[in-house]
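Right after this note come the structures.
You will see chain A twice below: alongside chain B first, and alongside chain C after that.
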Partner chain A sequence: MYRSISSDTCFLEKLGPNGVIVDRADFRLNFQQKLASVVLLLFFASFFFPFYLARENRISEDIQSGLLSLSPLCILFLMLPPLLIALHAFARKGWMKEVTITLSGVLGLFFPMMVLAIVGSDVSDAFGSLARYSPASGMYLYLTAVIIIFLMKPKFRLYDLSGMILVALAVMFVASKGSYDRLGIVLEGRNFGSRVTREVLAHIRLTFISLGISIVIGIPLALASFQGKRAKKIVFPFLNLLQTIPSIALFGLLITPLSLLSRTFPFLREMGIKGIGNAPAIIALSTYALYPIIRYSFTAFSSIEESVIQAAKGMGMNPFQIWRMVRFPLAAPGVLHGIRVALIQTIGNATLAKLIGGDGLGVLVFEGLGQASVDMVLLGMLLIIALTIASDRIFQIFIYLVTPPALRGKAVGNG
Partner chain B sequence: MGRCALKLYSKSAKAEDTNLTKRVLLLALLVTLLLLFMLSEQVQTLILSFLFPSEGRYTHSRKTILQMTGEHIMLTLLATALAATVGVLIGIAVTRKGGQDFQILILRLNAFIQTFPPSAVIILAYPVLGFGWKPALLALFLYSLFPILGNTVVGFQSVAPEIKESARGMGMTALQQLWIAEFPQAWPMILTGIRHSYILNLGTAAIAAVIGGGGLGTIIISGLALRNSALVLSGTIVISLLAFIGEQVFLLLSRFTRT
Partner chain C sequence: MQSHHNHPVLTDTHSFLTVKNIAVNYGEIAALQDVTLSIPANRVTVLIGPSGCGKSTTLRCLNGLVKIDGGSITYEDEGIQDLSETDLRRSMGYAIQSVGLMPHLSVEENVDLVPRLLGWPKASRTERVEKLLKLVRLEPEIYSKKYPHELSGGEAQRIGFARALGADPPMLLMDEPFGAVDPLNREQLQDEFIRIQRQLKKTVVFVTHDLDEAIRLADYLVIMKDGKIVQADAPERILASPRGEFVERFLGPDRALQRLTLFTADRLMEKVLSGVEEKPALAPDESSNRTYWQVDAEGKPIAGYAWVGDKAIRRLIVNGTHTVQQYSSLKECVSKILNLGLPSAAVVCEEGRLCGEVRFETIQQISQG
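Coming up: the complex of A and B.
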């Protein structure tokens, strides 16, 4: 009989007739096995949800298709990444572990895309030339499992990146053959045509103008509240109040005041400042971005230790030199971190500009919502998320470059 | 020395008590303001027409503020409560011996989710989950889960090892160690996480109206559609008051649950 020897181990031991341990069973899962069980659970769950939705035309009813309605080849393909992860759970050698996890991650991205391509021709064969289809919850769950595989990897390596690039190239190649032509978001993208590019550019413009204004106003305010108690007493309660106002409301609160202003002062109207359009959107976005910028900058400036300043004084620096050579470089990572948070937030909130007649990707999203077109909303949101992730990455590299080498790798305190 | 410390203590305790009275009074004031505004259409019209005299309409055509506030509170509290329950449980699990390996995954997932703006998470619920208040609730829950989870992990990590050791030395079981020794230490941090999530959810829930989630976003969006700032303000006032009330309630809660 096996029995446990103490409460906090997972060994069960089998004792021989004279109390000697004759066998020991280890029920602990190691790290790989725990990861594999979580990921496998997600993969398993994804097989019970519809993998894609097909429609005869843009407005007809959805027809859901689960994994089992796919061709045997597709099923085999989709089973491969879970299988590899199961193998990974029992891999003992280092290279074996790395190969199984990398392959299952990369193939987990590749196969769903290929299945979508194969399904494309089936859909147009079955439902005619107006048919369209889109990925559904099962597929999203499947991709979540793949994302977790990548997040669980101890290190994101060069070959992971090259694998992803290969997948992207393969997808582009398949797309050039026209395999994705019946995919809902592709069709919506075609319908919009050059408007998509225009709205992306408008979105970027909206974000950068607002962020610029907010930096120009925010950093001096942060410095003022760092230097004087009175400024802090005005700035911070204002920020706290601002934070309780939902972003969506801030846009609307400006409609009436701004249209009144533009009616009384015609020159403002000529500048484009009126109740609706891009101007109130920029004002609202830059006001909303003030919070992270001031908060993080203030924390960055106040968390510089007094001893560092004393040392600088001891070296004979004048106040101007202390600011230029000590305070600014040391605070820069924190300040930039605040700007990064503001950037992500502004890209997201710029979507809402459409609600007061502004441009940007919100146009796609809200027109899609109005027409109950899932594909259109998805197209808009995917572009926004791609924009967010891309600008976040670029900004992180920038932060790394301006951080003094001695401070690199240290966490930046958040406000 | 001892007397001096005692004196200091009683002084700070006194200061805290006056602070407490102030806090309770402020809370009462905020609640009164909210009730006045929420329950009476005359008050709404009076305030809004004073600020925006030129608007044609000061109330929503189909729903009262009371209804919308009810929906909004339900959505926010439900999402926050769900996120708090699940977040604290997972947070405890990954700070135990068996789950420590998952900490890095939680941290990376947290960082990954943070790159999605809240408005994107809500709107993305529509293509992925569908239309209505349930997808909105799920999106709010998912988005607010990670701040709570992160704070719970940090809270438990910051418990001094000596405390755990001495709890073990006293012969506590694992459950007793968790509940008697560790949890009270981690609690302030957890509560801060829940408070942040609540405030975040309150604002994000306003966007939920876009995907059929109801709540005060309904009046804000119809205000946007009608180019009527008064309607927008009326929803905003309630949301801001709810945020301030929530903050005070959480501060009081942390005051009374401190050990």
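Coming up: the complex of A and C.
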């Protein structure tokens, strides 16, 4: 028999024969419910911030519009995801929880996108053909809440993916009708036109060339450090030193020596190696990527248990076979993990290439900053994030495929 | 050093390999000095001694994992006389304490490693793996696809043993192969080892620091100290006449009890008095010192019934806890006898069926030599 101690308590207590508490029913919010309240709070806050900004043309002043300036129907729709997440928090049945949270997440993506489309036609009606608009803080808060909803899900399931694909299809359909044409990001993308594709490709090229160079240099250095104490004594202090130089400084540091070099040896200049441009960017990026690659590879090779190597020798494997059949397969997950870290880091750092005259998405970001065009910066940033997530995903799948089944899902090195 | 050749267990064999005056130095440390040893073919040679005395080093000299700094190792067995170093290692199974199973390979692939290195055809390899897993009593269907991290300590040791036997090598080198398992599992593994060794008759060099294990398994016991051999002989002769104070101290004060580990239960096993009734139809003679064993329908012992003095006692039997196996040592038999207070210990065979008993009286006779 449970009894409530007082009406406002969060516990119900069950008392034993001599008045000792033997069990206690807990009515405090659980973790999931606490997250849900944070999400609700974000949704609530988003209603009081400007939802979008509109401008008559590229350089005129922003006009802020809050959620409450939207049509009642839009407001109603935008209220649905918060309602669903509240339902989720207090739903008892497992399927009920799953349905509410999934709907809340998917609709939370769908409605803002549709609202943006509706706003698009309103804006051009109100401000004429040069008008442009962009999502504002309220909208970002709203979308942050939606992202947390997806993170709250214990597992990302096939129907979540399907939901997202449906939303994407809907957005593409609406976009094809021209509803997003006045959106700042779209306008900037369109202004830049083929340059956007070019910078994306340049960004990928920068990343892969740099990564390739640091793999080719880094793995042999890791092996040398693993095999010999002397190499280790040179490589690691050097790496640690490099790591203390901020990446921007490293880019800058290379300008002087490289321009000196190219002035002294004209043939280098003809190869594109100058103080500014892509060459110093690649050098800086690959130097920077050395650290994770060497660290992780070294840890991977050194954490192979000695008994395994002893057993391999004892069974009559020659040194070559020990590397091929034992060391490489066992170290592979760790080495690849290092490359993955380097990949993500390089994609991010490649943005800085623009600062020393290189290409890549940094061009959008820094030109956007220069022109005070938030939309342009946003476009560059979104593309960098998308590129990072996509390459990380692809690389993870690759790691999964080449990892021996027994080693999958185990924590890799601690480098 | 040929003295062992006149011991009954060691006479009808030849020397598999001879180690003459070898020395090994690790920098300043002299790990082995002037070690001379002749390994009898098809017998178990056990190296024992305190930690750091050079047992592992000696073993690793035999397959060339450690280079000798003096002396010679001569392989007298024709099969391996002129092999290159890697071929030599492939012809000597090697099992170590930490097992060293390849974590990225399945059980099957681990056991298959040496045959694969030797380039055996696929079909005979698959067959071989299955046979070896059965030999170490692990069901191939359950175990062959498992990975090392899914095995218990005892199972991993068995796989390590199976892998060492992989290519049916004439010689096995085992460095504390049961060192990392708990005492109960260790005894079971020893039983298995004795069973398999009786069947396969390999030339085995076995390193241990556990005296019971050494005396149980050894045909030829080599006691080492500080990189030297102090005494090498058949274990019962070492127990009977230890050479010098070190060996005496090493064997401890319980040499009479240690002698019991020399013998397996099947050596003294006698026919039993048993039936499905709770009490024997014929009361056992008070002086016969035997036990009447009550068995179930499958022949597994349930209880023991005996007269001690003028009192009849009945003890319930838990298979495994209160019974011994064919290859258990007499020491273990004594322990069960004292534990239950019955005049004999029940010996069970495969599937836990009762197949004999070992009487305390008989053990007493043998322990007096």
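Basically, the second predicted complex is superposed on the first by the 387 of 415 C-alpha atoms of A that agree within 3 Å, B and C clash if a C-alpha of one lies under 4 Å from a C-alpha of the other, contacts with A are read in each partner's own complex, and residues count from 1 in each chain.
What we mean here is this: a residue touches a chain if its C-beta (ideal position, glycine included) is under 8 Å from a C-beta of that chain, and two chains touch if they have at least 3 such contacts.
No experiment lies behind these values; they were computed from the predicted model shown.
Look at A:I118: by the touch rule set out above, it reaches neither chain B nor chain C. Shared-chain residue A:N318: touches chain C; no touch with chain B. Looking at the shared chain after the overlay, A:S307 reaches chain C, while chain B stays out of its contact range. Once chain A of one complex is fitted onto chain A of the other, the partner contacts of A:P404 are limited to chain C, with no touch recorded for chain B.
Of the two partner chains placed by the overlay, only chain B lies in contact with A:L378; chain C stays clear of it. Between chain B and chain C, B contacts the larger number of chain A residues. Touching of chain A by both chain B and chain C, each in its own complex, is seen for no residue at all. For chain C in complex with chain A, the touching residues are 63, 65, 86-91, 94, 96-106, 113-114, 117, 147-149, 163, 166, 173. On the chain A side of its complex with chain B, the touching residues are 7-8, 28, 31, 34-35, 38, 134, 137, 140, 147-148, 151-152, 241, 243-249, 251-257, 259-260, 275-276, 344-345, 347-349, 351-352, 355-356, 365-366, 369, 372, 374-375, 377-378, 381, 384-385, 388-389, 392.
Chain A contributes residues 305, 307-318, 321, 325-326, 329-330, 404-407 to its touches with chain C in the complex. Chain B makes touch with chain A in their complex at residues 52, 54-55, 97-98, 101-102, 104-105, 108-109, 112, 114-120, 123-124, 126-129, 131, 173-174, 199, 202-204, 206-207, 210-211, 217, 220-221, 223-225, 227-233, 235-236, 239-240, 243-244.
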